[in-house]
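Across the two complexes that follow, chain A remains constant while its partner is chain B and subsequently chain C.
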Partner chain A sequence: MKISLRRKNEVHIFDLDGEVDFHTSPELRAQLLKAIEQQSSRILINLKKVSYIDSSGLATFVEALQKSKRANSRIVLAQLESAVRSVFEIARLDGVFSLADSEDEALDMLSRSDTR
Partner chain B sequence: MEQEFDLEAEANHVTLFRRDLRALLLANQLDEKAANEVILAVNEVLTNCIRHAYRGKGGKIKVIFQDLPDQVRILVRDYGPKFDPTQKPDPELPPQKPGGLGIYLVRQLMDEVQYNAKWTGGNELQLLKYKCHEAGDKRLKHGG
Partner chain C sequence: MDKDSFSDYAIVIKNLVKSFSGRIVLDGLNLKIPVGKITVIMGGSGGGKSVLLRNMIGLYQPDQGEIYVDGENIVGVGEKVMNDVRRKFGMLFQGAALFNSLTVGENVALPLRELTDLSDEIIKIIVKVKLELVGLTGFEHFMPYQISGGMKKRVALARAIALDPKIVFYDEPGAGLDPITASMIDQLILDLSRKLRITSVVVSHEMKSAFRIADQIIMLHKGKVLEIGTSDQIKNSKNPYVQQFINGEPEGVIPLKQTSEAYLKGLLET
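Now for the complex of A and B:
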């Protein structure tokens, strides 16, 4: 999986490309936790090019979400493919994470104060 | 048709095996959605072998793929200490902590999951997926 990081105003945007699984999630975990520790208050994770996620990937996002809440930062996941979204739904995580259909919607959610 | 795969219990081998499995499933009358479900379920079982049966220290895994008229059946064998994952209770949902979703996903994604307690070589898990929803619905109606 390729992980690219860019910044749009105050938002740190992670662009993921590939499969988020047992093999690749440790690197993603390290980068996400680093961003949270560096007090990135707004994090957008764009999953448009992620075709596959497993329970290790879900665990990575759950851990990042929990740590972000403790650090008073916010995370929005954007542009989930249907196969990826369905895995979140089976684990009932679609109601836990802020999910956006587009990057603009995700940026809008991050700009508002009521984002989970 | 039956096909056997001998895998090393390493994460990158699981990634590569998913490609082979996808090709097999699509060539054997499973649609894209069903194929994705089987691939994720098998992935979770293989990952459990790596993490729990072999504790990350490596080992051998055998996967046997069987194409039957109305279903695909997949046997996954490891040679680690006995552990029946089907006895694990469902996790609290949504999860309150990272992890613990693997076998839950397997149960949700497959039509049947059985642990073969009689196999003495280690652990053998059988995963079954019907090729069409009608077959799966019929099975549920008859409670079989």
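Now for the complex of A and C:
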């Protein structure tokens, strides 16, 4: 999996490309935790090019969500493929995360989250 | 075999022969297990179900034949390759086979700790998700002796799917459970198959359960495939062996007493 980082205004955007699995999720975890520690208050993870996530990928997002709440930052996941979305649904976590259908929608959700 | 067939089938078995001390248990078996579906392997005791299962997971080496798992022939491969192949499997043993000295959570975490480099925090989250999938949220800290037989089976199932296997083998999943708990386990097998698209291979002799969950039923008899079909096809089979098996009748084309000659010969000639 390839991880690229870009910024749009105040938002840290992670573009992921490939599969988030046991092999690749530790690197993603390190980068996400770093962003949260550096007090990035708004994080957008674009999953458009992710075809598969396994349990470790799901757990990595859950941990990032827990830590971001503690750090008063906000995470939105955008453009999930249906196979990826179903992993969240099966674990009944689709309601816990903020999921956006497009990057614009995700940016909009993050811009309205100043109070959080 | 062309590539297309492999992408449709998780396991393909060709002409499998296995004997023990000259007694043939699997006698030129051919079958295909479709990806993402539930296949139930049925047959009477001694019909070769367990031996077939053990061949599929690489515990036995066949005398002849080929076993393709995910497109790779596992017959004759070394232990190292077999270990890689086994990582694609989850296995639910007949007894739940939990470690009694470990908590429920530690049991589920075990394959993750042994086989991955994931951090403790991530493993803890995965354990919670897997326990939720089998309806055991909140039981992480229980010891195996503190929970029922049905719950132990569910913990074992959570452990079997800890590493997100593509294929899960179930050896008599309803054995030793009351009918309600057994049907709960059936529902879990269905859920995992439908939701996670896991290929499920269930060895069982319980017809009710097989009809409830199977996309495909394979009936074994005397080490050969007697019939393959959907639940309805098997129910309506014209084969007298299949009908005798379904109806659980002691007498029929499968004789209750089939060794009388050998028995007499053995007795009288000693």
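Observations on the structure shown:
Methods note: the second predicted complex is superposed on the first by the 113 of 116 C-alpha atoms of A that agree within 3 Å, B and C clash if a C-alpha of one lies under 4 Å from a C-alpha of the other, contacts with A are read in each partner's own complex, and residues count from 1 in each chain.
Definition applied: a residue touches a chain if its C-beta (ideal position, glycine included) is under 8 Å from a C-beta of that chain, and two chains touch if they have at least 3 such contacts.
Worth saying up front: this structure is predicted, and the values here are computed from it rather than measured.
Taken together in the superposed arrangement on chain A, chain B and chain C clash.
Once the two complexes are overlaid on the shared chain, A:90 sits against chain B and chain C alike.
Of the two partner chains, neither chain B nor chain C is touched by A:31.
After overlaying the two complexes on the shared chain, residue contacts for A:19 are found with chain B alone; chain C is out of touch. Of the two partner chains, neither chain B nor chain C is touched by A:41. Once the two structures are superposed, chain B and chain C can be ranked by residues of chain A touched, with B on top.
Overlap of the chain B and chain C interfaces on chain A: residues 22, 54-56, 58-60, 62-63, 90-93.
By the touch rule above, chain A contacts chain C in their complex via residues 22, 25-26, 29, 54-56, 58-60, 62-63, 86, 90-93. Residues 11-12, 14-15, 18, 33, 36, 39-40, 43-44, 47, 50-51, 93-95, 97-99, 101-102, 104-105, 108-109 of chain B are the ones that touch chain A when the two sit in their complex.
Considering their complex, residues 116-119, 121-123, 125-126, 129-130, 132-133, 162-164, 195-196 of chain C touch chain A.
Contact residues of chain A toward chain B in the complex are 19, 21-23, 52, 54-56, 58-60, 62-63, 66, 83, 87, 90-93, 95-96.
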